[in-house]
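The structure's right below; bear with me while I get my questions together.
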Amino acid sequence: MDRIAFDIAHLLAGGLLLVSFMMIYQDRMFALLHVFAFHAVVLSLSVAWQAYNQGAPHLYVTAAIALVFKGIVIPIALRRIVLRLGIHREVETVVGIGVTMLAGIGLSALSIVLMLRVTGMAEAFTREDLAFSLSVVLLGLLMMVTRRNAVSQVVGFMSLENGLILAAAGARGMPLVVEISVAFSVLIAFIVIGVFLFRIRERFDSVDISALDEFRGDQT
Amino acid sequence: MSGPFAYQVEFIVGVPILAAALLAVLPGYLLSARLNILASLLTLLAALTLLVTDRPPPGAYLLVDELNIVFIVLNTFVGFTAATFSASYIGHELETGRLTPTYLRFYHAMYQMMMFGMNLALLSNNIGLMWVAVELATLSTVLMVGIYRTHEALEAAWKYFILGSVGIALALFGTILVYLAAQPVLGEGQVAMIWTELLGAAARFDASLLNLAFIFLLLGYGTKVGLAPLHAWLPDAHAEGPTPISAVLSGLLLNVALYAVLRFKMLMSANPGALDPGPLMIVMGLVSLIFAALMLYRRRDIKRLFAYSSIEHMGIIVFAFGMGGPLANFAGLLHMVMHSLTKSAIFFSVGHIAQIKGTQAITEIRGLTKSHPVLGWGLAAGVLAIAGMPPFGVFMSEFLVVTSTFSRAPALALLLVLGLLLAFGALLLRLTGFIFGEPTGPLKPSQASFVPLFAHIGLVLLAGIYLPGPMVAWFQAVAQLLG
Amino acid sequence: MGVILAFVVQGAQMLLVVALAPLLVGVVRKMKSRLTRRQGAPLIQPYRDILRLMRKEVVLAENASWLFRVVPYMVFAATWVAAALVPTFATGLQFSWTADLIAIVALLGSARFFLALAGMDVGTSFGGIGSSREMMIASMAEPAMMLTVFTLALIAGSTQLSTVAEYMTSPEVGLRVSLGMALVALVIVALAENARIPVDNPATHLELTMVHEAMVLEYSGRHLAMIELAAALKLLLYISLIGCVFFPWGIAGSDDGVAGYALGVLVYLGKLVVAGVMLALFETFIAKMRVFRVPDFVGVALMLALLGTLLLFVSRSL
Amino acid sequence: MSATDLSLLIFAALLALGPVAIAAQRWAHVSTFVYGAASGLCGLLALIGLAGLAGHGIGAGRVLPLGLPWIGAQFHLDALAAFFLVILGVGGGISSLYAIGYGRHEPAPMRVLAFYPAFLGAMGLVLLAADAFSFLLSWEVMSLMSWALVLTHHQEADTRRAAYVYLVMAGFGTFALLLAFGVLAGPEGGYGFDAIRAATRSPQAAAVVLGLMLIGAGSKAGLAPLHVWLPLAHPAAPSHVSALMSGVMTKVALYGFIRVVFDLLGPLAWWASPAVIVLGALTAVMGILLAIMERDLKRALAYSTIENIGVIFAALGLAMAFRANGMTAAAALAFTAALFHIFNHMAFKSLLFMGAGAVLAATGLRDLDRLGGLVHRMPVTSFLVLVGALAISALPPLNGFASEWLLFQAVLMSPAIPEVGLQLMIPAAGGLLALAAALAAAAFVRIYGIGFLGRPRSDAAQKAVEVDRMSLLAMGVLAALCVLAGIFPGVVIDAISPVVDAVLAGRLPKQADADWFTIVPIAEARSSYSGFLVMAFIAISASGAAWAVHRFASRELRRAPAWDCGFPDADPNTQYSASGFAQPLRRVLGSNLLAARETVVMPPPGDHAPAILTVHVADPAWASIYAPLTKAVVSLATVMNRLQFLTIRRYLSMVFLLLIVLLLGLMLWV
């Protein structure tokens, strides 16, 4: 592909990474949701650009799903949940934001170095794309493990998954991308419904030792 | 391909999904239970035909070869026996009001959905399709685990769900990487995701990309296999779900995930430049084995106890495949089959016991050989078998693993033996408590059928003494395949 | 002819030991009383005692079992056979190969076993004391004895007493440290096994100190006579053993004729007297020790015997 | 039809007997039927074994299409197996005979009947197995069946604990054997015994195998410090099973050791033997010391089993030492002693355990301090047990002495050994063995004197009645064996010489040539012993003396109260107690070897409260090895257990960290 196309794709992928960092940085729930919506939008843009470049029309579907489902539906649903559970206080982090940021930078550095080393023979575009998507995935995971709040962990998972979609879309001519994105949307829908239904479970780590004796008949 | 067996493979995949659709709408649990059994039986028969007829050529989506035929037959068989067991089990749940008819309908539908997912995962010739199938199986089992709606059940389901999803995600990334490795060689599109193609061309792939991919795949599917430290979902999911599901989880789902790992291991070893996945698998196997063995000692819930024992045995199997070589691979396959049969048998008996005693607390279960001789000795046979006692099949596989390992890598063999011994001690300690001493708690006879239990025990016993020639030849072929 | 002579000699030996045993006891007693400025009983007093006891009726404890009545004869027989197999005045007797030194030790063990059981049969506290102490002492003394046997056997290359004795007469033995140690060990064992001072006092009936006497406390009449005779035989046996192994001079060989045998008998008598006198001297000058000091005493024998065995190899391998 | 096939059929019949019993459990005579059948089948086995020793039917092997598919299950009856087949046949047959009577006392007979025949069959299969897999399979089944039998009286917590310890130790041993066969079979997995014999391996590898065999077979036989399960498990089982476990199963374990170390492994370097000799001697002394301290009749017998196993191992070690130096005659002597003692121990230990069972059946007691006076109530049993006690105390003219005598003769062969270390060590070990023999006499004087003689110490002992005829018959046969093997040791030696020949390619001179049934291991000038003549002389002189005394002296006899130095006490508790009898030895040896402690609570003068003596004797192995091990496992498990209760986020973090670690690893590796 020509230079411009490459730069644009590069720009979008990098943008996605940047937005991931913004997400880690957020300490307000609603702000986080907004940033995530933005994350989804950037993703759909870059997927669409891939679709245009690779001339793969089915990728447009993926882009659309990303835009509509993750850019609009999920954020709204999460917003309602947040209001419902009354947890729009700031995000409860395990370690300080700053530390998390540093860790994130380390992770993206790791992934970029790794990818550049590993993908020797693949074409330049794929390498960049993979490097970015891997770091987005890692950042998503990082967010899941450094946030106590269920909603923000869901958000983390979804950003992780955005990274996957990015990688899939970047993989030239990869089939089943649409199916995969659909499958993932189902997964996420489940998660969100779960968060919504099991209000008991306001946070993932409600499993604390004190709560064990009452229902986990497994302590000696 | 001709005659009645023209579409046997499609049949194996199709029957469950149709049955699932049908069961979703059928009222009345008796009928649906029977239909469940029937569907499983049909699937089993279809799978058995694979043994007699010559195999269909690999298609774009479905594939039958030496490796997965082992898994598919085992899968459908245990699926069938578990369905029979669940028919005799689930009625009692309805009486005690733990489940409502609606949930039962949902339960049976999900059961077939799960079977569909697993069969598809085993038969798929396309790594993307396999990924989707595994996710499907995971989702359906998640719903089954949470079916009791109790706090614990939801807790377990949720844990399973989250960890599973992350695993799935990692596996997908690995899959994408494999595609990227294949794409320059095989060209874009479908072709670069088809097993048979991948395996043929694996030698020319970018080795380092494959390495990276394997890490993600091992972690992703390894979460499903339940390797420590990715195991966290497994014990609770086993403990809180309905017992037939525990049996299926231990007996089948873990195998399916293992199957995926093995496939990619084959890919790795087909590529000269790639890392040898053996050491990584050996380490994870040993860690899982020893860790699970130690965890056995402090359990208070009988189903969780055997769930940890599943982790332990998955550790042994992964260790064996990591060691490689004809003996160890043979042992790994044998151990996998034996573990599926034995562990599901154990869960069958545990199901009856838990229903009789009305609890899963280990301290509440005493003197079964006195109060329920058949059940008690059945459990004893199962536990002794899983602990590696002859004349049961697990002994043969452990014999082969230990002896073949010690002459190659003594230190590893010592660690292996340490783990096995630890687990043996723990299981035996519990077993002594379960079946001996003065009985406690309710002593009402169990009305459930023991056929599935003793069918499995009988098979394991037979395999421990006599392995039929064809099966051996077939295992050896697979062992060669795995290298 | 030779065979007949051999049988005769064997028979003579069996009769000789049983005939001489009480005399030996008499000698010791006489000597001891002389040493303590007493007149003392005549030498033949032991014979009188035994005969008197034999004529007396047996007073049997009510709950004594058949074992209690069989034991005296068993003990006597075992000891007698053992004593008859030790070369006294001649080696290479007809039946000397019936049992070697190890077997002789074990025969004495059988006698002790039966006696200890008899001590416990009636079910009195003193019998128990006696048996348990006897077994304790024996379980130290017997290994010491065995180790001495090892030393001798390793030197002579045989456990056959005749062979050992003949070897000891031969010049190539020389003087050896091991032999000295073995001798001391054997003497200590002999004192312990025969219930002599300082281990036990054959004359005492002070309950708390007695060992052998406590075991036989319930015996009377002919039973007691058999046991006394057996005890005397045992003493004789040990002395003849020490004699034939460590002082083998004058023992008739298997081939030299009646004259040789006669000489052997005379020498043997001399040895007995000397041994009896020395025993009496020793017992007069030493005091009995506390029961729980005994193990140390016998332990010395054990150590010496072991040392003797090991030194043997050291000297050989040097 | 070859002897191998015949015995395999018999084993199959034995294995099938259990299910038959279960099927027929409603039938009144099922127990008699099962035990009778087992007895008959074992008799056949003994005959086959004897024929094999005589050289008939040896050599034909049989490969069944079972077990490891690519080599099949191989079975083969050779001289060595035949000898142990005799042990199994005689021991098992007589135990079953005994059980016909004794089995009636079982509250839940099916718990025995279901497993007892299979136990016999499994032991037989071990003896005939000719490939690693079938060997270990039968070995493990043997453990499993005996475990189930130990659990017959599973209501008692002690029994459960005993069985648990037993099976865990058995599993440990089996893993050691697995590793040993791993070395023997090599990476290609040549599991057949022939292949193993053919293979060549370095002395180091051979030493490793020897060590693993000491652990594997030793733990099953009761070699210290792996003996701890034995005094727990053997007494817990019903007495005929105890007899079988002590008398036969330990021998099967020894067979495993001999088969691998002497047959499969071939000659070892000389430095391999001292470990075996020393372990054996120490085991002997420690076992018998614990037996002296033990108050429980059956446990004391179990400890004495440990002693005998030690003796046998010492003999085997001697054989190894001589063999390593090419001294075939001496090696044959030591090996013969070992096999002879194996046979003897089978005989008298089974007899003694049956006697203990008879006592248990008659009084319901195992505690020596509550028994006594049984010689009046159970005369026949008492007499037979006395024979056993004499035999096991290695007293002439019984069989125990014959084998001990051979062993000492072997010890005395040591000067010819070139290595100074062995030269010095062997006589020292011999001294330990002599000590063990002397202590054994003390132990059995105690057991018999307290348990059978004296006055009954409890009502149960007071009311004891003689046991049934079948049991007496069984014990009688064994007692007769003890006497005959003691009087005619030459016959036994000649009978086992083919085994020695097959294993060591050398044998003792034919004993039948010596007149008066004398045994002459090397040369008559060196050493000889005639149990027959000793027996004859004792009998003649004893009866002669008795006759003479009764004829010429007096024959009157008067019953009177016991004299007891003038103050007899009516209370039986004034007799010496078992603990009291052991006290001198406890003070002398126990206090430092076994950490024996005794505390006396003496009431002040004028106070009529009884003085209380409490004795505490500890098996050193528990305190030094097993307790710390258990503690370590438990604490480790507790630490690990925390991982069960983490939060999902922490579990996620584990996954995450693992991923990062692997990625970093890859990055650094690439």
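First chain written, first letter: the chains are A, B, C and D, and each begins at residue 1.
Here is the rule we use: a residue touches a chain if its C-beta (ideal position, glycine included) is under 8 Å from a C-beta of that chain, and two chains touch if they have at least 3 such contacts.
As the structure is a computational prediction, the values presented were derived from the model and not from experiment.
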{"item": "Result of counting contacting C-beta pairs for B-D and A-B, higher pair", "value": "B-D"}
{"item": "Chain located farthest away, centre of chain B as origin (C-alpha)", "value": "C"}
{"item": "Whole-Å separation of chain centres (CA-atom averages), chain A against chain C", "value": "99"}
{"item": "Rounded Å distance, chain A centre to chain B centre (Cα mean)", "value": "31"}
{"item": "Distance between the centres, which are taken as Cα means, of chain C and chain B, whole angstrom", "value": "78"}
{"item": "Centre distance in Å when chain B and chain D are each reduced to the mean of their C-alpha atoms", "value": "44"}
{"item": "In chain C, residues with contacts to at least two other chains", "value": "none"}
{"item": "Sites on chain A at which at least two other chains make contact", "value": "114, 117-118, 141, 144, 204, 207, 216, 218-220"}
{"item": "Residue list for chain B, restricted to those that touch at least two other chains", "value": "158-159, 162, 166, 208, 211-212, 298"}
{"item": "Every chain pair in contact, whichever chains are involved", "value": "A-B, A-D, B-D, C-D"}
{"item": "Touching residues on chain B, where the partner in the complex is chain A", "value": "126, 128-129, 131-132, 135, 139, 142, 150-152, 154-155, 158-159, 161-162, 165-166, 168-169, 172-173, 176-177, 179-180, 183-184, 188-190, 192-193, 206, 208-209, 211-212, 239, 298-301, 304, 360-361"}
{"item": "Residue ranges of chain D touching chain A (in the complex, touch as defined)", "value": "641, 644-650, 652-653, 655-656, 659-660, 663-664, 666-667, 670"}
{"item": "In the complex, chain D residues that touch chain B", "value": "65-70, 132-133, 136-137, 140-141, 144, 151, 154-155, 157, 160, 163-164, 167-168, 171-172, 175, 178-179, 181-183, 185-187, 189, 191, 633-634, 636-638, 640-641, 643-644, 646, 648, 651-652, 654-655, 658-659, 662-663, 666, 669-670"}
{"item": "Touching residues on chain A, where the partner in the complex is chain D", "value": "94, 107, 110-111, 113-114, 117-118, 138, 141-142, 144-145, 147-148, 153, 204-209, 212, 216, 218-220"}
{"item": "Touching residues on chain B, where the partner in the complex is chain D", "value": "158-159, 162-163, 166-167, 170, 208, 211-212, 215-216, 219, 223, 229-230, 232-233, 235, 275, 280, 291, 294-298, 325, 327, 367, 369, 384, 387-391, 395-396, 398-400, 402-408, 413-414, 417, 420-422, 424-425, 428-429, 432, 436-438, 464-467, 469, 472"}
